[in-house]
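A, B and C are the chain letters, set down in written order, and residue numbers restart from 1 in every chain.
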Amino acid sequence: MQREGWRRHQISIGIGVFAIVIFLLGWLEMAQPMGFEFSDITGGIVTFDTLIRVGLLTTVVVGLNMLMGHAGQISLGQAGFYAIGAYVSAIMTTKAANRGINVLFPGAIGEDWWWPWLMILAGMVITGGIAYLIGRPVLRLKGHYLAMGTLGVGLIIFVLFREGGTFTGAADGVGSVPRLSIGSFEFWPRDRYYFLVWAVALAVMWLSLNIVNSRVGRGLRAIEGSELAAQTMGVDIEKFKLQVFVLSTVYASIAGSLYAHYQTLVNPTPFGFVGSLDLVIMAALGGLASIWGAPFGVAIVYVIKEVLRARLSTLLRGAGGEHEIIIFGVLLVLIMIFMPQGLSYAAGRAFAWLRNPSRREREEPLDRLPEKAT
Amino acid sequence: MQNIVRTRSARIGATVAAMVLLVAVVLYLGHAKGFGAIQYVQLVLDGIRGGSIYALIALGFVVVFNVTGIINFAQGGFVMSGAMLAVAFNNLDLPLPPALQLALAVVFGVAGTTVIGALVERLTIFPARHSHTLTLIIITVGVYIFMQGMALLVWGANAYNLPAFSSLALEDQILRSGGIMLKAQSLWIWGTLAVVLVGLYFFFERTILGKALRACAINRRAAELMGINPSRMSLLSFAMAAALGAIGGVVLSPATRPIYDMGLKLGLKGFIAAIMGGMVSSPGAVVGGILLGVLENVAAGVTRAGFKDIFAFVVLILILLFRPQGIIGGGERGVEQ
Amino acid sequence: MKKTAFTALTMIALLALLVGGCGTPVPTAAPTTPPPPEATTPPEATTPPEPVIGTTYKLGFFSSITGPTSSLGVPERNTAEMIAAQLEEAGGVTGPDGVIHPIEVIIYDDESNPEIAATVASRLIEEDEVDAIVGGSGSGPSLAVVPLMQEAEIPYVSMASSRSIIRNPETAETYKWCFKTPQENFHSGGWQAAYVEGMGWDQVCDIYSNDGYGQDCLAQTTAAMTEKGIEVSYSDSFEPADTEFPQIASVVASGCDALVIGAVPPGAALVTVAAREGAPDLPVVLGHGVCNATMISAAGEAAEGTVFPCGKMMYADGLPDDDPQKELLLKYREDYMAFTGEGPEGLSTFGGHAYDGLLWVVEAMGSLEEGLDVTARRAAIRDYIETNITDWPGTGGVFNVTPEDHLGLTYEALGFVKVENGTWVYFPPEEW
């Protein structure tokens, strides 16, 4: 058990270092020493706004990583759960707060600072509950059937929000979502919100890393290797898969709520099939088997897009999104061909190589993920 | 065998009950809207037409999946490229009679896309052939994104049009009978589907190459031992999938307005149709496609159009849970043993 | 393995190349970009013919160059590029103090996606530090950036039609920093209702695209129809990517007198074609979102006989000479066709919406004194637009912006047209 203790130690150190980096970036933006702000580091290419969005999606992708990399379950419907969090928060802090709820809870509900936080919690409970109910049957499916099942669930959620009439604002969505605050301390301007978002992302990463490295995590890895073997060893697969699925959707819901309070407008566009696909791309780019890959996977997608956006229009006059799309597609293909295990893995390899270029590494199989489900 | 409904008779009972319920709901909702037999026939006819396109696309998914185990998300891109290449050729100012130019445009669209499909396999799938299936799937997503971007670059964001095959004009000939109308293009679509099916049947049953492909689908390793080169088979499957997608795109074009991003939705529908049919079965894909088209169209007709995806997916999830091997198909596949 | 490491390095190098790829080699980790030289102090004006070059003003622009509303966004982008080129040629705008200010127009694509719109708007506000923003082809992207503009206190002119862009729908308060140039669905719905009433019909069906624009169309059309005692007996949405239109069966079953379609092409064209096939005798009334050539080329013969309210752009040559907009419209059409090299089929009222918005801002920039900082410039531009755009003939109508109305158009900004022989024909109420 000494080994496990060391692993936990490692996790704490890793999270700590990461937290310091995140804190420094935030401090830079907040204090702006000598007028020097975050985006200057990148030559004005990556904006602070991007950093916050990376934090939001990291929270979602960590869940997806656990589900796909550690429990071997593909989800193509994660954006649907992200949507539930966003819509619960948006609706309950605007329309519903103004209308019906006041009857149940007399007083200035919806204006009290704790109300939005309570609704984030409500979003988590609702999302987790829905995930639990549909997870039981859907998780019995395997491989591409599971992908299809989750895709279906995600799209059904999406369509219900889009067709929700005045309740969900249909295509216009719900606007004027309030900012979050504790007492009179408002999580705004933007740099304050940044700390909130990343605190959540780090907490989620820390929790997931500990789960992955616990007894449960070993069970999960067993599933990833071979479900049959895990079952024989007395691992309750059904239960583990379901728990991880519910947890990943709860992550998505928290991120969705934070998104709603950040964007202040929630409409259906980001939550469709393309949204779910983007999340899977991010998870794969970061490395499916690694929780640490999540922030990098999200960041690389945003950075590529931001770089292309910032640079292409000056390189090619009149270049619109088409060039962005083309180059993004090419990069995605190249990364997946040459780094099939994602950036975090490739970075680890490069780091090991830099430390000791002469050391001949054992030839590892290109991919540790299970082979095609048959 | 863990399954939700354990016995065969119970499963049949549940299926029949679900279908009766579905029909009852449809009739009730339709009645509220004042639908008569004519409306229903019209909705079903249109649904079969749309479904036939889904079927062609689904066939492409099945061919690739059978041979390589990849869900090829670039399939939608092949549909778009077939349509757009045909349009581009047809819009060229050539001294040809319009009928001949249209015919050549169709050939050009399909042949060009087949080449693209082969290139996609060689340039992206082949170098990564040892990777995990999920990696390959994401590569196909990247390929789709790239294709859509290229189409946008070359053709812009405008919607184009391809003349109807019978009238050689934007306006199609319409057959009307007792309030029911049928576009001539629908007949072309059904004819094409029939020809493709017959062609596929002969290819798989009567040619060495087709048999090799089938062998590869049944057991890749054994096929390799028998001297079949799986890499060549993978190339062939992608080229065939591209051709099938392009055929779908080309025959659909006169009934819609080809645009650079048309592939996403059609690809998704084709995928659903393939899954409904069990993912490994060509007849299943065809039935799945047509069923999906009809369901969508009738559901949208009796409720709100925005809900049509919900109906399709609810039926899909029920199929996945009750008949994971698809509506047509042999062994139990999807649910874990 | 070495190979992996090598590949990793290659990728990193590739990214670095992209990051620093444009002339100025910007190392990713070091803050070397100096702040741009601010406000060169004007030297004593000794020789009047020698123009004094002042601060470069920055004008941010974004439209849906890709995505479902790109048929709006592309002509808007072209117009922005055209104005940028014209400004470059002229050297910029001359302030009241005689100082010439070059204007840099920064263009982004919002991909028809509200979230991307918010991202590029943040970029324009914080990174590019623009003085004003014109942008948003669709209502969705525009609505998404309104809170940002209000918070950052930056003048914003939208090119989308929803009223909620300039007025809070809950409190009916006008947003201080937001303006827009297109005529509204409210005006469009009024014309449609007047026409339906004029034809003596009392029941219509409505099919609309499933997005912010279509939804607003339905709401405004229904309101206008109800006011005139006309019933909207059936309404349903559609997706622009649809290939089958089961809605037409419901339209036929509901037995209404006319079909109103609230959408932009090519979606609107597909519904029109489907309606002509399924119900050949049913009259089709469209909204002002179809005033471009895409509609006619995509719908072909099905467009014949359809009627809709439309800005005056498309039939400008048919307007009487004393029309205050005529001269401007003809000039815009000529400039646009010369700039893009397209024929008249490339024209659309959407490009005009961009033109009006950009010209407002450019005119406002021309009123600025030298020496203002960016915050003061932003405030001054906003005030100028709110107070000085009066009796201002634009492509969308004669604008009268007031503190209460940040659009300033009336019913008359639109005319009514009919499609005949593949072109738009003015179709005034007298001829109904």
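The rule is short, and it goes like this: a residue touches a chain if its C-beta (ideal position, glycine included) is under 8 Å from a C-beta of that chain, and two chains touch if they have at least 3 such contacts.
Note that the structure is predicted; figures quoted are calculated from it, not measured.
When the interfaces A-B and B-C are ranked by how many C-beta pairs touch across them, A-B comes first. At the far end from chain B, in terms of centres built from Cα atoms, lies C.
Chain B has its Cα centroid 32 Å from the Cα centroid of chain A. Note on chain placement: the centre of chain B and the centre of chain C lie 37 Å apart, centres being C-alpha means. Within chain C, the positions touching two or more other chains are listed as 65-67, 210. For chain A, residues touching at least two other chains, in rising order: 162, 321-322, 324-325, 327.
Across the assembly, chain B contributes residues 152, 264, 304, 306 that each touch 2 or more other chains. Those residues of chain B that touch chain A in the shared complex are 2, 4, 65, 69, 71, 124, 127-128, 130-135, 138-139, 141-150, 152-153, 264, 268, 271-272, 275, 279, 304, 306-307, 309-310, 313-314, 316-317, 320-321, 324, 333-336. Taken together, the chain B residues at the contact with chain C in this complex read 33-36, 39, 42-43, 46-47, 49-50, 53, 152, 156-159, 161, 169-172, 174, 181, 183, 252, 255-257, 259, 261-262, 264-266, 293, 296-298, 300-301, 304-306, 308. If you check the complex, the residues on chain C that touch chain B are 65-68, 70-71, 73-74, 210, 236-239, 241-247, 249-250, 252-255, 265-266, 269-270, 277-278, 294, 297-298, 300-302.
Taken in their complex, chain A has these residues touching chain B: 68, 74, 137-138, 140-145, 147-149, 152-153, 155-156, 159-160, 162-163, 227, 273-274, 277, 280-281, 284, 288, 321-333, 336-337, 340, 366-367, 369-372.
Every residue of chain A that touches chain C in the complex is listed here, in rising order: 35-36, 39-45, 47-50, 53, 162, 170-173, 175-176, 263-265, 267, 269-270, 303-304, 307-311, 313-315, 318, 320-322, 324-325, 327, 334-335, 338-339, 346-347, 349-350, 353-354, 361, 363.
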